[in-house]
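Paired with chain B in one complex and with chain C in the other, chain A is shared by the two complexes that follow.
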Partner chain A sequence: MTVQRLRCDLAFVRALAAVNLRATLALRGAFWLALVGMMLNNLLYFAMWWIFFDRFEEVRGWRFEDMCVLYGVVGSGYGLAVALTGGVRELARRIVDGDLDPYLTQPKNALIHAVGSKGFASGWGDVASGTLLIGVSGVVGPFELPLVALAIALSASVFLATGIVIQSMAFWLGRIETLARTIWEFLITFSLYPPTIFAGALRVVLFTLVPAGFIGFLPSSLVRDFSWLSLLAAAAGLLAYALLATVVFRAGLRRYESGNRFGIRA
Partner chain B sequence: MTATATEHRPGLPGGKYLAIAHIAARQAVEDRAAMVGRVLFQGLILLIFSRLWTVVIADGSLGSHSMRELLWYLAITEWVVLSPPLIHLEIEEDFRSGDVAYRLPRPVSYLGSRIAEGFGTMAVRGSALAVSGFVWASLLSGGLPPDPRGLVLVLPLGILAASLAVVCIAGVGLTALWLQDASPAYWIWQKANFLLGGLMIPLEFYPAWLASIAGKLPFAAMVHGPGHMAFGFAPDRALATAGALLAWGAVITLAVAATSRAGLRRLDVNGG
Partner chain C sequence: MQAAIEVEELGKTFRVRTRRQGRGGALRDLFATETREVDAIRGLTFRIDPGERVAFVGPNGAGKSTTIKVLSGILHPTAGDVRVLGLVPWRQRRQLGFRIGTVFGQRTQLWYHLPAGDTFDLLARIYDQDAAVHRRRRAHYVEAFGLGSLLDRPVRQLSLGERMRCELVASLLHEPEILFLDEPTIGLDVTAKAVIRDLIRDESRTTGRTLLFTSHDTGDMEHVCDRVIVIHRGQLLLDQSVEALRRGYIGRKRVTVKSEEERLDLELPGVRVVARAPHSTELDVDVARTSVADLVAAVLARVHPLDLSVEDPPMEEIVRAIYSHAEAQP
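Then we have the complex of A and B:
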């Protein structure tokens, strides 16, 4: 029964992703503008690290090519998450406004439906610039491509799970859109710096409370220097955060109050 | 929301815009959650860079600057870039929703009123971030910069720089008239400001050719100019930066005003 349900959910995820992609591509001009704009945005920002490593060469063994991979994996992971499951960014608002009704009344997984109901074209710009950076890092050959895809998928999934946990706090705390966005920005910020500069308690926080380690450091280490132990740790981290996201959302749904609004969802 | 234009003697030149700026400032004061978020974000960035510069210093490769100077430099540049509000989003929304049609008949310039709102919000944000930046930088670097007299010059330079940024962001918002979505233009402007202004790394650390290009653009005066005051008391340099900011301010304001006129003419022809 569980396997059948999982299969059903996976088919639903595929269908939502396809619809999202078609909807994003429907506005062709806006799509390309967002894609190119976001690519330039990311590459201009990353140029600061090129300047940094041109001057200082390495930070505790962390070199320019390592930064390329880290930025590439985190950027692509974030991009994939907002391109295919952009609804997560609006989850807190939907909860507070009572806008989850359309998802709860349908015979599909409400959480998957809510997060997969929207996609942002700019996410594809993140994916494009991320894969470009991984390509120019020089540490990836054709045989590592499946590892790159795996690392990006892991990063995107932890981004999504953490986003769900943060946004679901709205069930208990009310209107927290700004706070949720800020915490998510913190998460991205922490994930984009060389892990070698963090030590002690801060490092523990980065792998627990703030899962920057599971979004950036571990997935990018799979590409740079694969080990089964890293893969196991990354998979365990993803499982833990995915479970936490499901539990928190379900617990929150018990407190959900409908918006009692009539509307049509096409 | 009780402030009205009459409280600010609209008979004076610019009185109406002062009233608009005042109302925006009062709204910004109420938005406490966003303010707390910005202050924490500022602290987070300074924390990360304090770790980064500590590691770089431990490797013995920082050159003539101390970690304390570099952290104060970042505190100042972050203050300048975090203070201006994102008014391009409001301008874009005005065009997208058609609300601009209700704003145009008012006896104030549309763009002028949006920029005045930006200045009002910036005054509140800038004040809060100046205090928090001072506290974060003092705590994380272990005290004031080696020559703290330079901080006195930061205040006027930072206000000038952030004001110029507000005008630039308004100009970015106007691109929505042609592109519908102003965000991609904003992203590029913001990151060019970060990169060519020397937000995180002072321009002295840049390759010579890039530092030379950056020096010829307004970004260096806006970001690196105030930030450089962390390295010591340099009134001549501060005066040169203020001159550059005023000159760039005049050029950019004229360009944004011309763009606004052209854009609103286009709006008249095509409809709102």
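Then we have the complex of A and C:
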């Protein structure tokens, strides 16, 4: 890949993100409603952990502030993924309905284009509540802010890669939107548990089949207790899942059957 | 001269899941599925030279859209060889993408909640356009397609005809060598259809751009194209000039007259009644023998019409006529 091509592709990604954001903000009322609604939803759910840690001070060394950081990183990561690359949530439907056609005839990466062409306002609510929780954890000072951003970006990227792998199964299995959503939600739930409660084989699963460790535990550990080894492991995990997502999507495209359903690009 | 499009023995087979009949069928389908293969395209061969305007027509399910999707790199074929501008579409999708434009009447590349101008600017990035070049082309097409007053409105507020004009501009901004149009007039009313046809024809004549235009509307090919390829059940049925097709198969109109009088009787050369109901008469008119104008004059002289419509014969009828003609040949 030449430098010129890389520069052009980056310009495309930036322009796509900007248009996507404008489209999300175009319906102002719906945007604020979704953002505030999701914030309230997340904070009310988190109240359960607040009550829990008020009763039991720690779970195998895991304390309330650790939970705030974990929940903040996972929530913000998921939010960022669906706010900027929300097309991933609809990838299975687009595959089955043949809605990938416009992306496949244009000279840019069809996968990036498909996932980046939709944004969900509720994702910004996840980001807002997530960063709020990281803020109130009390373990983050101004010097840790770049680490917070890095952790959220890592979490969002693994969310995205995993989402692509799950949704791309539609190339082989057909209409699996509900199943894909359930698996993704299962992944979120799994990522939000204190990792110290998992041990042995289950811990291996957390870093392989169900990459909850790369979504929650490793990125949040960068904020709480940074180490180069953790960063390296998180980056390696992301790379592996990104590679898997690309390979699965490309293999699936050979089975793509398109379609003639009327469609809009909302 | 290198062909714009070369297709040789193209085949595309889809695997379709079949459902078992009966009460137990649905239950058995849960555990084991049965599939069968459906040939969407079979042994299709043709060549299109640069600058040609070709209508690719056939009835619903003929394989028109599947062919255009193979040619534009969306679908992988099952058999055969395809070269578009010397490239293999499904293997060299990126290179080909810079040189072709596509309009799918049933799909959109416009952002629904944003004005079309936002999509145009994003397309400049997609096609790596220089900013000054993009601005010049955008201004040119906005004027040529009369989009000035539409550019501030979100796409969702545009009519289907207005949206299609925007789709055409979106597909032309990078000045593609070939424009693939898949049913661009589908769902449009008569006026909007005429506007779209004129715009496509004039733009292509001015620039010499190659057009491949799929439609099941005979009017589209008559107004826009010089050559027509008719396919049926995935196979080539006819490849000739539109003029020859007009002489042979589409020199007829279907005229429906609704009148105050219960019955309309006409005896004109080349005119026959194909359906009759009280106050309504459907006529098949050979326009080479009696023009539409003469027919309307004759109708007005005999009855008080409440409504009168003139339509092209449906594509299915033309295909039937082509088949009958082929069978009548020794």
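Rule of thumb we're sticking to: the second predicted complex is superposed on the first by the 253 of 266 C-alpha atoms of A that agree within 3 Å, B and C clash if a C-alpha of one lies under 4 Å from a C-alpha of the other, contacts with A are read in each partner's own complex, and residues count from 1 in each chain.
Just so we're on the same page, a residue touches a chain if its C-beta (ideal position, glycine included) is under 8 Å from a C-beta of that chain, and two chains touch if they have at least 3 such contacts.
In this text the structure is predicted, and so the values were computed from the model without any measurement.
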* Asked: Regarding the shared-chain residue A:124, is it in contact with chain B (first), chain C (second), both, or neither?
  -> neither
* Asked: Is A:256 contacted by the first partner chain B, the second partner chain C, both or neither?
  -> second
* After superposition on the shared chain, which partner residues are touched by A:44: those of chain B (first), chain C (second), both, or neither? -> first
* Check whether A:71 is in contact with chain B, with chain C, with both or with neither, and answer first, second, both or neither. => neither
* First (chain B), second (chain C), both or neither touched by A:198 -> first
* To do: Examine A:171 and indicate which partner it touches, taking first as chain B and second as chain C; both and neither are also allowed.
  => neither
* Asked: Which partner does A:214 contact after superposing on A: first (chain B), second (chain C), both, neither?
  -> neither
* State whether A:184 touches chain B only (first), chain C only (second), both chains, or neither. => neither
* Both chain B and chain C touch chain A; at which residues? -> none
* Please give the residue numbers of chain A that touch chain C in the complex, ascending. => 8, 11-12, 14-16, 19, 22-23, 26-27, 99-102, 104-108, 113, 117, 254, 256-258, 260-266
* Structure fact -> Counting only contacts in the complex, chain A reaches chain B at residues 30, 33-34, 36-38, 40-41, 44-45, 47-48, 51-52, 54-60, 122, 178-179, 181-182, 185-186, 189-190, 193-194, 196-198, 202
* What does chain C use to touch chain A in their complex? -> 14, 65-66, 69, 72-76, 93-98, 100, 102, 104, 106-114, 118-119, 121-122, 125-128, 154, 156, 180
* For chain B, which residues are in contact with chain A within the complex? -> 33-34, 37, 40-41, 44-45, 48, 51-52, 54-56, 59, 61, 179-181, 183-185, 187-188, 190-192, 194-195, 199-201, 205-207, 210
